[in-house]
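In C-alpha cells below, several structures.
After this come two complexes, each holding subunit A, first together with subunit B and then together with subunit C.
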Partner chain A sequence: MQHFTREEMIWAGLLAVSLLLVGLAHHLPVLRGFPAGLTLPLSEALNTVISPVFETLRPLGRGLSLTIETPLSAIRAGLAWAPWPATVLALVALALYAGGRGLAVFAALALGLVVLMGYWPKAMNTLALVLISVPLAVGIGFALGALGHLVPRVRPGLTFLLDVMQTWPAFGYLIPLLLMFGFGPAAGLAASVIFSIPPMVRNTMLGLDEVPPAIVESALMAGARPGQLFWQARVPVALPQLMVGVNQTTMASLSMVIIIAIIGGFNDIGWEVLSAMRAAELGRSLGAGLVIVLIAVLLDRITRGLAGRRRRAGGWFVAGLIVALVLAVTLPGEALLPGEEAQRWLRRLDAWLLDFVAWSAPFFALLRDAITYGLMLPMRLGFAGSASPMVWGFSLSPPVIFAYVLVATGIALGLGWRRPGRGIAFAFAALIFWTGLPGFPWPGVFLLTACATFRAGGAGLTALATGALLLAAVSGLWQPMMQSIYLCAVAVLISFAIGATLGVIAAGNDRVSALMRPVCDTLQTMPQFVFLIPALMLFRVGEFTALIAIVLYAVVPPIRYVEHGLRNARADLTEAGVQMGATKWQLLWQVKLPLARGSVRLGLNQTIMAALSMLVIAALVGTRELGQQVYVALSKADAGAGLIAGGIIAAIALVADRLLRAPDGRSGGKSGGKT
Partner chain B sequence: MTKKSMNAAVSLLALAAMAGGPALAAEPGAVDEPIKLAMLEWTGAQISAQIAGKVLEKAGYKVDYVTAGNYPHFQGLADGDIAASVEIWLNNVGDVYPKVLAEGKVEDIGSLGLTTKEGWLYPKFMEELCPALPSWEALNDPECVALLATPDTLPNGRFLDYPADWGSRAATIILDNNLPLTAVPSGSEGAQLAELRAAAAAKTPLVMMFWAPHFILAEVETGWIEMPPCKDQSNEHCIMPPDVNKVVWSGFAPKWPAAYEILKAFQITTEDQQKMMLAIDEKGQSLDLVTTEWVAAHEAIWRPWLDQALN
Partner chain C sequence: MVSAVASDSIMLSCRGLWKVFGPRPGYYFDTTGYRIDPGALVARLRQEGHIPAVADATFDVRKGEIFVIMGLSGSGKSTLVRCLSRLLDIEHGVLEFEGRDLSRISGRELTEIRRRKMGMVFQSFGLMPHLTALENVAFPLKLQGMARAPREARAREMLELVELAARADALPAQLSGGQQQRVGIARSLAPDPELWFLDEPFSALDPLIRRQMQDEFLRLQRQLKKTIIFITHDIMEACRLADRIALMRGGQIIQIGTPAEILLSPADDYVASFTAEVALSRAIRVRDLMTPGGMPGAADGPAVAPEALLETLLPDLASGRRQFAVAGAPGMVLHSETVLAVLRRDASGTEER
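Coming up: the complex of A and B.
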C-alpha cells in the first residue's frame, strides 16, 4: 500500500467523520434535516429593511422609468408606423452590409416567416425593447470595463459583482425593481440591463488589457495626452473585442425578453410566449419562440459580421435604406399584414402533439419510470430510502445492509490499494448513495463544503460557501437547497454524458457538426418555457419533467466546448499519437481528450451554470426546490424571500464555478488547452 | 356615425343630463386621456377587458389596453399606471392587493357577475375505471387509488393541486377525510392544462383542483367530484366559489366620473364569456373581432349602463 499524501490524510479523516455522522443520523433525527427550531424569520427582517430603502428610491426610479419610456415609446411608435416591407428591406440591407449575400438571404427568409406567422407587430415591440436595453447595457458595461482597466484595484470586487449579476436569478430581484420603478417595461428593462452588462464589462477589460504595449508606446512618443491615448489608441485597437462584447450583450438581453413580459405592460413576443404557455398551447408558443430564435440568430450574425470588420457592399446598404425610406412613406402601415391563417396552422400542431402523446404514452411512461426508479429516487432517497417494497421491491433488512457495506468497502479498498485518492472518492460516493443527496447529515455537508472550498479557493471561498449554507439553514431553506443541488446534479450528469458524446461525434464528423449548430442555437435561444409543454404532456407534472427541461438547456455547453476542445487539440501531439500506432479509441481517450481538458472542464462548468439557471423555470412544472421558492416569492411580492432564495442559487453557482476552476489555475500551462 | 359626431352626441347627452336628469348623472371627466385597462394573461380576463373598453368607447372615452401580469399589475393599479382591471379572482391575488386595498390606493367596485365554481376535476373517461365517480367515495376505493398512484406518491394516489404560489386547501381537505391521496403542486396553470389534455388523450387517470369558467372545460370532457361534507364552513376546510370583482385605481372616480359609474354597472355572464372563449381559443378567431361582435349584438345589455351613468 502506498503512502497517503497530506491531502489524502485530510479527506480520509473527513470520510471517517462522515461515516460516523451517517451512522448516528439513523438514531438522531436532528442530524438529518436542519432543526426547525433554529430557523429565524430572515425574510421578514430583510423586508422591513429593504422596503423603506426602495420606497425612498421610488422618486428616482419613477424619474428613470419616465426617461427610459420616452425613447422607448418613440422607437416603438416608429417601428409600428413603418410598413413591414420597409423595415424588412432596411434589415436585409444591413445584413448584406454586415455579413454578405448569404446573411441577406437568411434575413429576408427569417423576417418573411415572422410576417407570415402574424407576429410582426409583436416582434417589432420586442425589437424596440432590445434597441433600448442593448445601448444602455453596452454604455454602462463599457464604462465599468474601462474603470476596471484603469483602476486595477477595483477589479476583484468588480469581477465578483459580475459573477453575481450573471448567476442571481432575475426572478429573485424583480419585486424590488417593481417597487422602485413601478409597473411598466422599465422594471423589466432594468432586470434585462443588469443581466446583460457583464459580458460587455468582461470583453471591454479583455480588449483594453490586450492592446499591444508597442502601440501604447508609440502613442506616448507621439505626445498623446491620457484622454487621447485612451480614445484614439486603446479603444480603436480593442474594437473587435468590444464588438464581441456587444454581440454577447445583445444575446443576453434577448434572453431576458420573457422576464420583462412577466411584469407585462408591453405587448411583445415574450408576452405571447407566456400567454401560450399559460394556455399550454404548443403551436402558438413554438411560433412565438421561433420568432425570438430568428431575431437572436439574425442579430448575432449581424453584430458578429460588424465585429469582423469585413465590410462590403456599402453602396447597396445606402441604396437599400433609401428605398426602405421611400417605401415607409408611401405604403400604408398595418394594411399589409397577413391574416390569421398561419395562426390556425400553428394550432394544428397541438392536435398532432396530442395524437403523438396518445400513441406514445406507454413508451414514455416506461422511460419515466425507469429513470425515476433507477436514478432519481436513489439519488433523492438514497439506497437506505429506496430499498423499500414500494420502490425497489425489497426492504432494508440487516442482510441487505451488510451486503451493501461489504461490497462498498470491498470496492473502496480495492481502488484505494494503489491510489488512496480513488478509494476515498468511491467511499464518499457510496456514502452519499446510501443516504441520498438531500438526506446527507447537515453537519457533514457543512464540514465537507468548508474543507473542499478551503483547499480549492482559500478562506474567502469558504466564507462564501459556508455563509450560503448557513443562510439556507436558518431561513428554513435547507431541504429546498439540497433538493436543488440534487436536481442539478442529476441533470448535469445526464447533460454532460449526452452532450460530451455528441461533442465527440461532432468533432469527428463535419456533417454532424453542421447539423448540430442550428440545433444548439435553437435550444439556447428558444425560451425554455416552450419545451415545458410537450415535456409536461409526456411526463406529467413533477421532478422528471423539470429534469427533461433542464437537460434540454444544459446539454448545449458540453456539445460546444467538447467539440471545440477536440478540434483545437494540438495537431503535432495528435500526429505523434497516430505515429505510435494508437487506435482511434486510444487516440480519443489517451491523447485528444487529455489535451482538450481545459475546454472540457469549462464545458462542465458551463453545464452547471446552465442547469442552475433553469431552476426557476423548472418551478413552473411543480418542483420543490429553491427555484420554486423564488417563484412563490415573486407572486407574493415578497422581496426578502426572493432575494434570499435567489442569493443562495447564485452562491451555489459561484462556489461550483470556483471549485471547478481552481485546479485548472493551479496546473496552469500544463493542461495546454487555452480557453 | 363617425367617432367625432359620436363624441358630440355623447357630450350633448351629457349636457342634457346636467340640465335635468336624475341625480345619478356623472360628468364624463377627462375624455381625452386614455383609460388604461389591464389585459391579464388569460382569455376570460382579456374578453372582459375588451368588452369593458368597447363599452367605454361607446360612451366617448379613449381606451388603452395594457398587457399585464396578474401579480405585478396590482402595483400598477395602486400607482395609477393602470386605471382599472375588470376581472380579478379574489382567491388568487397574492400579497400586494390586500395591502394596497387597505391603504386605499385601489377600490373594489363590486362583482363582475360571473358564476364561478371551484372543485376537484377529472377527465370523463375515468367514470369507466372508477364506477363510484362522481362521488368522492371513489377516491377511497383502493383500485381507483392504485390507478392514480405514481412513483413520487406511492402508495397514495396522486392529486394534482394548484401551483404552490396560489395557496390551496386540497391537502387540508384530503386530511380531513383521510383520503389516500398526496397533493402535488402543479407549478402553473399551463402545467395543469397540459396534464388534463394529455390525460384525456392518452387515457391516463387524473384528479386535480380546478375552477370554472375556463375554456378547457369546453375542449375536454370532464366531471366534477361531488365533495365530501365540509368539516366546517371555513375557507380552510371547505371549497367555496371564488368571487370575481372589478377593481379601479383610487384616482379613477374623480378623473372619469361617468366611466366609473359605467364600470360599476358593467356585468358579464358566464355563458357569454364561455362562448367567446370557445370562439377565440378553439376556433382561432381574433379577440377584437369576437368582442366587437358581442358589443354590436348586445346593445340592449350595455345601453342602460351608459344611460344610467350619463343621463
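Coming up: the complex of A and C.
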C-alpha cells in the first residue's frame, strides 16, 4: 500500500469519525436531525429589529419611490399611448443600427408575433420596468466600479458585497424592501436594481483595469489631467467592456423584473405567466413565456450589437425614429391592437397541448419514476431509507446490510490500494449513499464542512460556512437546508453529466457545436422564470418538476466550459499525444481533459451557482427546501424568516464557489456534496 | 571628445538618480547629503527584497543630440526613461530639465511641461483604439484645449510629415504596425516638443520595416533637430542612430560614449561581449579614426567624407592605398594601417567570442 499524505491522513481520520457517527446515529436519534430543543426563535427576534428600522426608513423609501415612479409612469404612459406600429418601427430601426439587417428582420418578426398574440400592452409594461431599472443599475454600477478601480483598498469589501448581492435570492430581501417602499413597483424595481448592479460593477472594474499601460502613459505624456485621463482615455478605451456590462445588466434586470411580478400590481408579462401557470392554462403560459423569450433575445442582441459596434452611420436609425414619431402622432393608439382572435388561438393551443401531455404521459412518467426511484430517493433517504418493499421491492434485512458493507468496503479498499485518496473519496460516497444527504448526522456535516473549508480557504471561509450551518441549525432550518443541498446535488449531477457529455461531443464535432451554440445562447438569455413552464407542463407540481427546471437552467455552463476547455487545450501537447500514438479516447481522457481541468472546474462551479440561483424560483412549483421557506416567508410577509433562509442560500453559494475556486484539486471530491 | 559642455547647451541633466521597487524603497534614501557607494547599496537593496531598477544614473543630454539608452530587457532602461519623463516617481537624485528640478515640481506644472515640451513614443504604440489616426494625432492638442479646426489642421500636417496623410480616417486596428507607429510619432510631435522620448519605438516591428523606420527617423531628425532620448535593446540600432550611447546593466549605467568609443574601447567584458556581434566596418566612420598630422598632399586619390563607413573604403584599401584625406577637414588624415587594424579585430573578434 502507498504511503498516506498528510491530507489523506486527515481525511481518513474524518472518515473514521463519520463512520462512527453514522453507526451511532442508528441508536441516538439526537445525531440525525438537529435537536429541536436547541433552536431559537431567531426570525421573530430579527423581525422585532427589522420592522422598526424599515418602518422608520419609510419616509425615505416613499420619497425614493416617488422619484422612481414618476419617470416610470411617464414611460409606461408613453409606451401605452404610442400606437404599436410606431414603437415596432423605432425598435426595428434600433435593431438595424445595432446589429444589421438580420437583427432588424428578427425584431420585426418577434414584435409582430407579440402584437398578434395580444401581449403587446403587457410586454410594454415589462419594457417600461426594464427601461427604468437598467439606467439606474448601470449608473450605480459604473460609479461603484470606478470607485473600485480608483481606490484599490475598497476592492475586497466591494467584491464580497457583489457576491452577496448576486447570490442572495431576491425574494429573501423583498419583504424589507416592501416595508420600506410600500407596496408597488418601487420595491420590485429596487430588488431588480440590486440584482442587476453586480455585472456592471465587475465589467467596469475589468474594463478600466485592463486599459493598456501604454495608453495611460501616452495620455499622461500628452499632458492629461486626472479627469481628462479618466474620461478621455480610460473610459473610451474601456467602453466595449462597459457595454458588455450593460448587456449583462439588462439581461439580469429583465430576468428579475419578470420574477418580481410575483408581488403583483404591474400587469406585466411576468404576471401573465404566473397567473396562467396558477390556472394551469398551458397554452397561455407558453405563449407568454415565448413573448418573454423573444423580448429577452431581442434586448440581448441589441445591447450586444451596441457593445460590438464602432462608428456606423446612424442615418437609417434617425430616419426610422422620425417616421416612428410621425406614425405615433398620426395613428390612433389602442384601436390598432388585434382583438380576441389570438387569445382564441392560444386556447386552441391549450387544448392541443393538454392532448399531447395526456398522450405522452406514460413516457414522462417512466422518466420521472426512473429518476425519482433511482437517484432522488436514494440521495434523499439513503440506501437505508430506500431499501423498503415499497420503493425497491426488498427490505433492509441483515444480509442486505452485510452485503452493502462488504461491497462498499471491498471497492474502497480496491481503489485505495494504489491511490488512498480515491479509496477515501469512495468510502465517503458510500457512507452518504447509505444515510442519504439530509440524513447524514449533523455533527458530521459540521466537521466535514469545517475541515474542507479550512483546507481550501482558511479560517475566514470556515467561519462563513460553519456560521451558515449554525444559523440554519438554531433557526430550525436544518432539514430544509439539507434538502436544498440534496436537491442541488442531484440537479448538478444530472446537469453536469448531460452538459459535459454534450460539451465533449461539441468539442469534437464542428457541426454539433454550430448547432448547439444558438440553443445555449437562447437558454442563457431566457429569464429563469420561463424554465418552469415546460417542466410544469410535463410533470405537474412537485419536487421532480423543480429538479427538471433547475437542470434545464443549469445544463448550459458545463456544455460551454467543457467545450471551451477541450478546444483550447494546448495544441502542441495534444500533438505530442497523437505523436506518441494515443487513441481518440486516450487523447480525450489522458491529454485533453486533464489539460482542460481548470475550465471544467469552472464549468462545475458555474453549474452549482446556476442550480442554487434557480432553487428559489423552482420552489414555486413545490419543493421542501430553503427556497420554499423563502417563498413561504414572502407570502406571510415574514421579513426575518425570508432574510435568514435567503442568507443561508447565499452563504452556501459563496462557500461552494470558494471551494471550487481553490487551486488545490482535492477539496471538491472529498467533501461529497457537503456544500 | 569635449568633456566640459557649456550649461546652456544642456537640455536634461540627471545626477545620482535612483528608482527602487519594493516594500519600502524610501527607507534607504532619507538621509540627505550622506552618500554611500552605489555598488554596496545595490547589493544591500537586492538582499533586502528590493529591486534597484535604476541605480545612481548620472548623465547630461545635450540640445539636439540623439542620446540612446541601451541594455537588455530587465536592465532598467525603460524604468529610467519613465523616471526622466516622470511617469514614475524618483526615489533619490536630481533631475533637471532646462534648469528646473523635475523631481520637485507640482503635478500641474509637470502636466504643463508635458503638454508643451515633451513628447513620447511607445513600444506598443499606445494609440486610442476608438479614435482615427487624425484624432489620435490631435489628441494631445485636444487635451490642451485647442479648438477643433486648428488642431486638426496641425494633426494633418503631422500626418503628412510621417507620410500617412492618406490614412487619416483609419482606426488604429485598420493600420499595420509600422503605420501605427508613424501615427504614434506624429502624435508625439504634434505639440512641437523640445525633448522627444522614444521607448523602443521600432522593437515591435518586422526587421525590414524597422530598418525603413530608422531611415525615416533619421530623416525627421535632420529636418526637426529635436533633443532625443531613444531606448533600444538592439546594439545595431543604437550604433546606427546614436550620437552617444549609455549602456545599462542591472540598473547601472556602465559606459557612456559615442558608438565608436563603445565599440573600440569597451569599458569591460560585458560591454565587449555586447558589441562583439557588431561588424565594425559597418559601424565605424571615417571621422572616428581620422588623426591630425598627415603631410598635405601626401594622400593619394580623392578625399573621403567624414561620415563614410569603413566598409566603403574597402576597394581603395584593396588597391593598396596608404592614407585618405578627409573632405571638409583640412589637416586630418586617415591612415590605412589604422583602418586595417580595426578590420582585423572584426575578423578575429567573431572567432574569439
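Here, the second predicted complex is superposed on the first by the 612 of 675 C-alpha atoms of A that agree within 3 Å, B and C clash if a C-alpha of one lies under 4 Å from a C-alpha of the other, contacts with A are read in each partner's own complex, and residues count from 1 in each chain.
The rule we apply is simple: contacts are C-beta pairs under 8 Å (C-beta built on N, C-alpha and C of every residue); 3 or more make two chains touch, one makes a residue touch a chain.
Because the structure is a prediction, the values reported are computed rather than measured.
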(request) Based on the superposed arrangement around subunit A, label subunit B with subunit C as either clash or fit. (result) fit
(message) Just to be sure I read the superposition right, which of the two partners does A:Tyr561 touch: subunit B = first, subunit C = second, or both, or neither?
(response) neither
(message) Once chain A of both complexes is superposed, is A:Ala224 in touch with subunit B (first), subunit C (second), both, or neither?
(response) second
(message) Which chain, subunit B or subunit C, ends up touching more residues of subunit A in the combined arrangement?
(response) B
(request) Would you sort A:Gly184 into first (subunit B), second (subunit C), both or neither based on which partner it touches? (result) first
(request) Scan A:Tyr553 for contacts with subunit B and subunit C and give back first, second, both or neither. (result) neither
(request) With the two complexes superposed on chain A, say which partner A:Phe531 touches: subunit B (first), subunit C (second), both, or neither. (result) neither
(request) Look at A:Asp355 in the shared chain and tell me whether it touches subunit B only, subunit C only, both, or neither; answer first, second, both or neither. (result) first
(message) If we overlay the two complexes on their shared chain A, which of subunit B and subunit C does A:Thr372 touch? Say first, second, both or neither.
(response) first
(message) Please give the nearest C-alpha separation between subunit B and subunit C in the three-chain superposition, to the whole Å.
(response) 47
(message) Help me check something: in the complex, which residues belonging to subunit A touch subunit C?
(response) 212, 214-215, 217-225, 228, 232-233, 236-237, 239, 310-311
(message) For a test of understanding, state which residues of subunit B touch subunit A in their complex under the given definition.
(response) 41-43, 66-69, 71-77, 79, 81-82, 94-96, 150-152, 154-155, 160, 163-166, 184-195, 197-198, 201-204, 215, 281, 284-286
(request) Within their complex, state which residues of subunit C touch subunit A. (result) 82, 85, 87, 111-112, 114-116, 118-120, 122-131, 139-140, 142-144, 171, 184, 187-188, 191, 197
(request) Please name which positions on subunit A make contact with subunit B in the complex. (result) 174, 178-179, 182-184, 187, 261-267, 271, 274-275, 277-280, 340, 343-344, 347, 354-355, 357-358, 361, 365, 369, 372-373, 377, 390-391, 532-533, 536-538, 540-543, 619-624, 628, 631-632, 634-638
